[in-house]
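Here the chain labels run A, B, C and D in written order, and each chain numbers its own residues starting at 1.
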Amino acid sequence: MPNATLIALIPLLPLAGFLLLGLFGRKYFKKSSGIIGTILLLASTVLALYTAYEYFFVYGKVAGSYQEIIAFNYTWLEFSKGVSIDMGILLDPISVMMLVVVTFVSLMVHIYSLGYMKGEERFPTYYSFLALFTFSMLGLVISSNLFQIYIFWELVGVSSFLLIGYYYNKPSAVAACKKAFIVTRFADLGFLIGILILSYSSGTLDFNTMIDTLTSSGSTQAKAAASTFLGASALTWGAALVFIGGAGKSAMFPLHIWLPDAMEGPTPVSALIHAATMVVAGVFLVARLFPVFSITTPGVLEIVGWVGAVSAIIAAIIACTQTDIKRVLAYSTMSQIGFMMFALGVSGYGGEAGLGYTASMFHLFTHAMFKALLFLGAGAVIHYVHSNDMRDMGGLRKFMPITHITFLIACLAIAGIPPFAGFFSKEEILLAAYHNNTAIYYIALFTSGLTAFYMFRLYFSIFWNKTPSPPGEGRGEAHHSEGGFSMMMPLIVLAIGAIAAGFIPFGHFVTSDGTRLESHFDLQFSILPVALGLAGIFLAMWLYLKQNERPGKLTASVYGFYKTAYNKFYIDEIYLFITKKILFNLIGRPAAWFDRNVVDGMINFTGNTTAKVSEGIKKVQSGKVQSYAIYFLLGVIGLAVLFIYAWK
Amino acid sequence: MLNDFLILMKSELVITLIIFILLFIKIGKGMKNENLLPLLQVLLLVNFIAGFFFNKNGHLFGDMFYTNELIVFEKNILNLGVYLISLLCADWLKKTPHLPEFFMLMLSALLGMFFMISSGNLLMFYLALELASIPVAAMANFDLEKKRSSEGAMKMIFSSAFSSGILLFGISLIYGATGTISFAELPGQLDGSAFQILAFAMLIGAFAFKLSIVPFHLWTADVYEGSPIATTSFLSVISKGSIAFVFIAALYIPFQKMFETWYLMLVILAVITMIIGNLFALRQQNIKRFLAFSSIAQVGFILVGMSGYPDGTTAVVYFILIYVFSNLAAFGVASVISEHSGKENIDDYKGLYKTNPFLCWILTLALFSLAGIPPTAGFFGKLFLISSGAAKGAYWFVTVAALNMIISLYYYLRVVRAMFMDKNEQPVEKIKTNSTVKFALILCAAAIVLVGLLSWIYDYIQSLMN
Amino acid sequence: MNIEPGLYHLLFISGALFFIGVYGFLTRRNLITILMSIELILNSVNINFIAFNKYLWPHKMDGLFFTIFIIAIAAAEAAVAIAIIINLYRSHKSIDVESAEELKY
Amino acid sequence: MNLLLLIIIPLLTAVAALLSRNKQQVRWISFAGAVAQLILSIILYCAFTKERAGGNEAEMLFEQNYALFPAWHINFHLGVDGISIAMILLTSFVVVAGVLVSWNIEKMTKEFYFLLILLSLGAYGFFISLDLFVLFFFLEIAVIPKYLLIGIWGSGKKEYSANKLALMLMGGSALVLVGILGLYFSSGHSFDLLSLSKIKIAEDTQRIVFPLLFVGFGVFTAIFPLHTWVPDGHSSAPTAGSMFLAGISMKLGGYGCLRVAAYLMPEAAHQYSNIIIILSSIAILYGAFATMMQKDLKYINAYSSVSHCGFVLLGIGMLTTTAVTGAVMQMVSHGLMTALFFAVIGMIYDRTHTRQVSEMGGLMKVMPFISTVFFIVGLCSLGLPGLSGFVAEMTIFMGSWENASAFHRIATIAACMSIVVTAVYILRAIGQVAMGPIKKNQSQLRDATWNEKLAAIILVAGIIVIGIIPGWLNDLVRPAAEIIMNKIAGK
């Protein structure tokens, strides 16, 4: 049986790191904070790997299928009988896998940052934020309770906010972190309402109970959940709204706009949060509630699938046009997550039908490796060139060989070239799509071609293209090395991951229903995608290997489309319009005006009228003793008349 | 008989005694104010204390004069008030050339009020009323060189003469209708016929005039503003209190038969009085005039309490007790300031806190008590008045009363604001208040705080009822 | 033939007297005249009392006594009033009621 | 545990403050008094939980009953249940912080602290009194000190704001007075809360009295549209003034609405609940949107208080145990949070001498402590898990959702929307004030002094404790809320 304390330590160690560095870092650990954070995280990584081993090979498997084990549960806040927010640890294949991924990538980033962030003024703060993020992310993946996941969901959001805004006096960074937080927050609104619906219709917040009650047809809750509202069952509404939350976090179209800007943060942060871990939280959430999603009618999975596919292709197209290397990577991330999403979308629950589920998780795993690698590599390049723009780069292969090789590996992996990791996961995804939804399959196919193209466009224009300009131009005098051991080691480790990860028989471990799933390749199926990938690569080579005017011609030929894509299909502008024009000018401003002038006006009006009246009646006090007598007489007569005639 | 006479009319006799002492001093070689005033203060204190002993219930002259615990208590309140005035207005009194006369007049007015409270008969009541009002008119004229003073006095005497004319006509009609003028026999004769209501309306008019109920109130502000501040405080506290005592007694005992009539009358008059009083008080500049209108509004609240037949009396007496302290404290501060700086406008009070924090706190306390803000006694007094009014379940009536408390709060706060918040280049300079005044002010302040919190006082008054 | 005057005759006279008095009070400008009209009001009251006493309640002498007292009080009132008027004349140099309208509003 | 201490200690403190000789003495005396009160209320909490654990199921504990005005059946009746304890704890926290924050008030220090303590005295008395008359007495005691605090030590158009606040609150309490009298005479002459709760008041009386009481108390807790004293009052008040105003006295209203209006008149509560819900939902959204447009930090927080107090009324209007529990939690949470917010604003203002958001920037660099606290309180305000705001709001949402009707659903969703708007305005403020490029004239400012740090830490501690382990507060409030709800549900 699992040892709860050990597992609990996995998130708690980073938390300890956060508190330690956050409270005392600036004073006591100005220099050493990096090491402290790294060591703590190393510990929890080891624990995570241990746990994974234990789960997958010792106690996890009962009767041929992996169990969902509640290792620990504590009632945090009880609302009513059965409905309570619990803090718990839920062990099942995906949570364990995520534990490994998060701790591992986070560790890599910690190590990498030792070099990358050296000499930063707020070094301790940086590490405390990293630790906070790691803690929240780990808490998220082991959540046993829908509300618990929401709690950590928000914490992840805020730590991402803090890290994006790390360079807090850069206006662009501030804008970016605000944007990221608000957009995801908007998505979380959906999530929250979804939670309310699901909890109400299932009468619980606990995952296992909820899934059981809702999926077991005939249970009263299931019936209640079936009660329709606006043509869809309450359950469908709940699932859909929850998915909105997931889409927001995972930067699915049309909630993706925050992701590219989020690149304002330090590059290692982008590698950790906006490539490997946080952005896949949405995928994780859908996977976590997969049984619920799979029984909703009309199928929310349809929506999931299409949102994923559309995001994948749009992101890929935009990526082809960007020149900021981090933005290119950002869009590729979005596109890859699109793959995972629609993989879930096309999947079914249980058995062979669950291939998509497995594939999605598999891709999540591999993607974490090579995308982290890509970002860290890009980080190294930026660190070297002091620029994000690929037009300032070129011919760097001579100067930074390790980066070059590892980057190439990553590109091959993401392009889906065998035998690199990306190939296997992407194959499975395509296979799943092929069996269930042909339209999505073709989109996916085309997208994977594009992926290969834009990745290699990136690769060539960084490492080949121009003949290297002599030292002193475009690159800092400071370093002619490509960064120390602390920066290179993670690259190498991740590169190994990017090669090896593919050979893990993932289906044996992670499936929708925990039973073993044999993954089988038929070559003639995988010919097509690989061929497309290669085509993409060669196209990129033809355009960008040497400096030439072909790209210019090409863009000119499809200028209109290029422009649109270059401007990210003007989605940002649309958002801007909605927020600025509608929210602020059409609602906020009138509300404020109304409050000051109408509501408050009424209050003041009463006051002023009183004053006016008192001014108006002052003439009564005329100072003439005789007129006083008249009023006296009138008073007497008035009373007499009133009571003799009126009230008789 | 003589024995009874001496015991039952004790308080009146003591006052008379003091008056005669003054008279002898006057026709004798006379005394300097500096010496006379302390003597007087002592005498009044003695009188006040004496009020608590040797009291007996009973009646004299065939029901014309009667007394009981409650009446004694009321008389004590009035004694206390006069004593406080003699302390608070010391500065002015010292300066006035005709101190003995002033006190003779004031005390004879007080005597009149005593008789009025004890009167068991319309004739007695009328005589007492005149005795209580004519001297006050003379008192109003005591700033002989001031034009305003004589104008105020003129307005006072003429309108009061007019009102007593109306009163007498009413009384004559009642006599015609019932054949009796004794309170004891009246209830048997009253039947609420139109003729009687006409007479009754005239009576109410006279009461309302003395109590300055709208629309019979118009003389009030002018007289208050015109007359010296001692007279003003006497008018606004003592004579109002006494007339209120008589009014409620008259309504509850002889005229209880006409309850339906006078309940409605009270409700109407109360509402008008509160509203008009407040509206006028809003825009006053002169502090005396301001307090005049505020006291009119207070009378409105007293009427609310009176309307709560048959339990209103306690609340009214209790309120007047508190009202004596609060209003006298306010007038006391006003008199100190106007004596030392000649300033009587609220705007002159700006920045007063810088120079005279003590006076400011006293005045603030007094005003809060008038406004009915806890923990001052005024809060309780006003609350019980309103509660008694609410006993008949007329929510709108009570709501109007409660809302009027807000308007009144507004103008009371105006003064507070002037003292504490507003800037001023030349505020009233530091004032050296003499000890007697200080003592009296502290006495009032203490009373304002304690009378409310010491709830047994209310129970004591309640116990006097029966 | 001689007509015995009845209660209503007297009441009519007193009523007339009363309203003449009130009218005088409200319209005259000279303070002395106003004072006189007050006396009229009081006298009308006196007539009332006497009449009621004689015709309605002949064996209750309250009315009679009341009248006597009223006459006395009226004298006192007049005395004070005139004193005040004199004072007013000193300060305002006039006994015109409209000369004393300084205190208002 | 003698509840009278809760009144006596502030009283003694106030008197001592008046008698003290110099400013330093005043400060320390008031600080000592406030701390004593804080300790006392914590002891009270422990004693209370011990009693409950000991199986004492009485509705009110530590009851004390002295006859005050027998003629009017007025008793000085004290007693506490979970809700009052929560409120008392809140008050004592805010008072300590308030005393600390106003440490460097030089103008009329003695009077300032005297009024501050007097105000707190009113609040304590209000929360422990079980007799409507006494309750009303304390309610009004808590009003006038505010007037003076704002009028004398305030800033901006202070006289206007002070007047407005005093008059509107007095108007509210006037309605309360009439309502209380209505209860008194319709219930056969009783002011006693407990005995009134046993009597069933005639429905048509309820129909008149409930609105009077609810609106009357509602004015205190900024019920729409009678909330306009809030922005002006807060913006003109001195720091501690706004802290007390928003942290304590706005809670008097919510407490009254629940304890007096809803508790004593269940039928009317049912009849009017929809109106309450509509008004509060309006307040929540409309307040939030109005906040978006504010440029002055204090106005921002004032309007957000309108929005947050909307949650309190919403919770009460929803009439489910969970929602009411949430409402009380929200009162506590918002009390701490908004007090902290005003404290921070005050600190910033003391240094930058402006409250205009646009005139600040990058303060994180020069005053990291203050900015960090500003971050924390901002995040609490937008309902970040781990901070008190989240707990309260989620409880309210869960409770509201228990009502299955479409109307309640829509109201709840509307309320939920505010979490986005809140995020917008909070982040705008934080982004502008704490982050961004620093303004030239602000590059030389010093960070918080010890007293400010202490004040902030105390409140932050409160926020975090509730945020991380809300269980204790829930267990404290829920039983009391259950009793009230059972009464309302007619069980």
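Convention: a contact is a pair of C-beta atoms (placed from the backbone, for glycine too) under 8 Å apart; a residue touches a chain by one contact, two chains touch by 3 or more.
Quantities reported herein were computed from a predicted structural model and do not represent experimental measurements.
Enquirer: Which pair wins on C-beta contacts, A-D or A-C?
Expert: Ranking A-D and A-C by C-beta contacts puts A-D first.
Enquirer: Roughly how far is chain C from chain D, going centre to centre by Cα mean, in whole Å?
Expert: A distance of 66 Å separates the two centres.
Enquirer: Quick one: chain A and chain D, Cα centre-to-centre, how many Å?
Expert: Here the centre of chain D sits 37 Å away from the centre of chain A.
Enquirer: Distance from the CA centroid of chain A to that of chain C, rounded to the nearest Å?
Expert: 98
Enquirer: CA centre of chain A versus CA centre of chain B: separation in Å?
Expert: 78
Enquirer: Going through chain A residue by residue, note those that touch at least 2 other chains and give them in order.
Expert: Expected reply: 618, 621, 623, 625, 629, 633.
Enquirer: Going by the touch rule set out above, which residues of chain B reach two or more other chains?
Expert: Within chain B, residues 154-155, 158, 162, 166, 221-222 contact more than one other chain.
Enquirer: Find every residue in chain C that makes contact with two or more other chains and list them.
Expert: Correct list: 25, 34, 100, 102-104.
Enquirer: If I apply the definition of touch given earlier, which pairs of chains qualify?
Expert: Those chain pairs satisfying the definition are A-B, A-C, A-D, B-C, B-D.
Enquirer: Taking the touch rule as given, give the residues of chain D at its contact with chain B in the complex, in rising order.
Expert: Interface residues on chain D, with respect to chain B: 68-72, 74, 133, 137-138, 140-141, 143-144, 147-148, 151-152, 158-159, 162-163, 166-167, 170-171, 174-175, 177-178, 181-182, 184-185, 208.
Enquirer: What part of chain C is in contact with chain A in the complex they form?
Expert: Interface residues on the chain C side: 22, 25-27, 34, 97-98, 100-105.
Enquirer: What residues on chain A touch chain C, complex-wise?
Expert: Spelled out, the residues of chain A in touch with chain C are 618-619, 621-626, 629-630, 633.
Enquirer: Hey, which residues of chain B end up touching chain A in the complex?
Expert: My answer: residues 154-155, 158-159, 162-163, 166, 194, 197-198, 201-202, 204-205, 208-209, 215-216, 218-219, 221-222, 260-261, 264-265, 268, 276, 279-280, 282-283, 407.
Enquirer: With touch defined as at the start, can you tell me which chain B residues reach chain C in the complex?
Expert: 123, 126-127, 130, 134, 137-138, 141, 144-148, 150-155, 157-158, 161-162, 164-166, 168-169, 171-173, 175-176, 179-181, 221-222, 225-226
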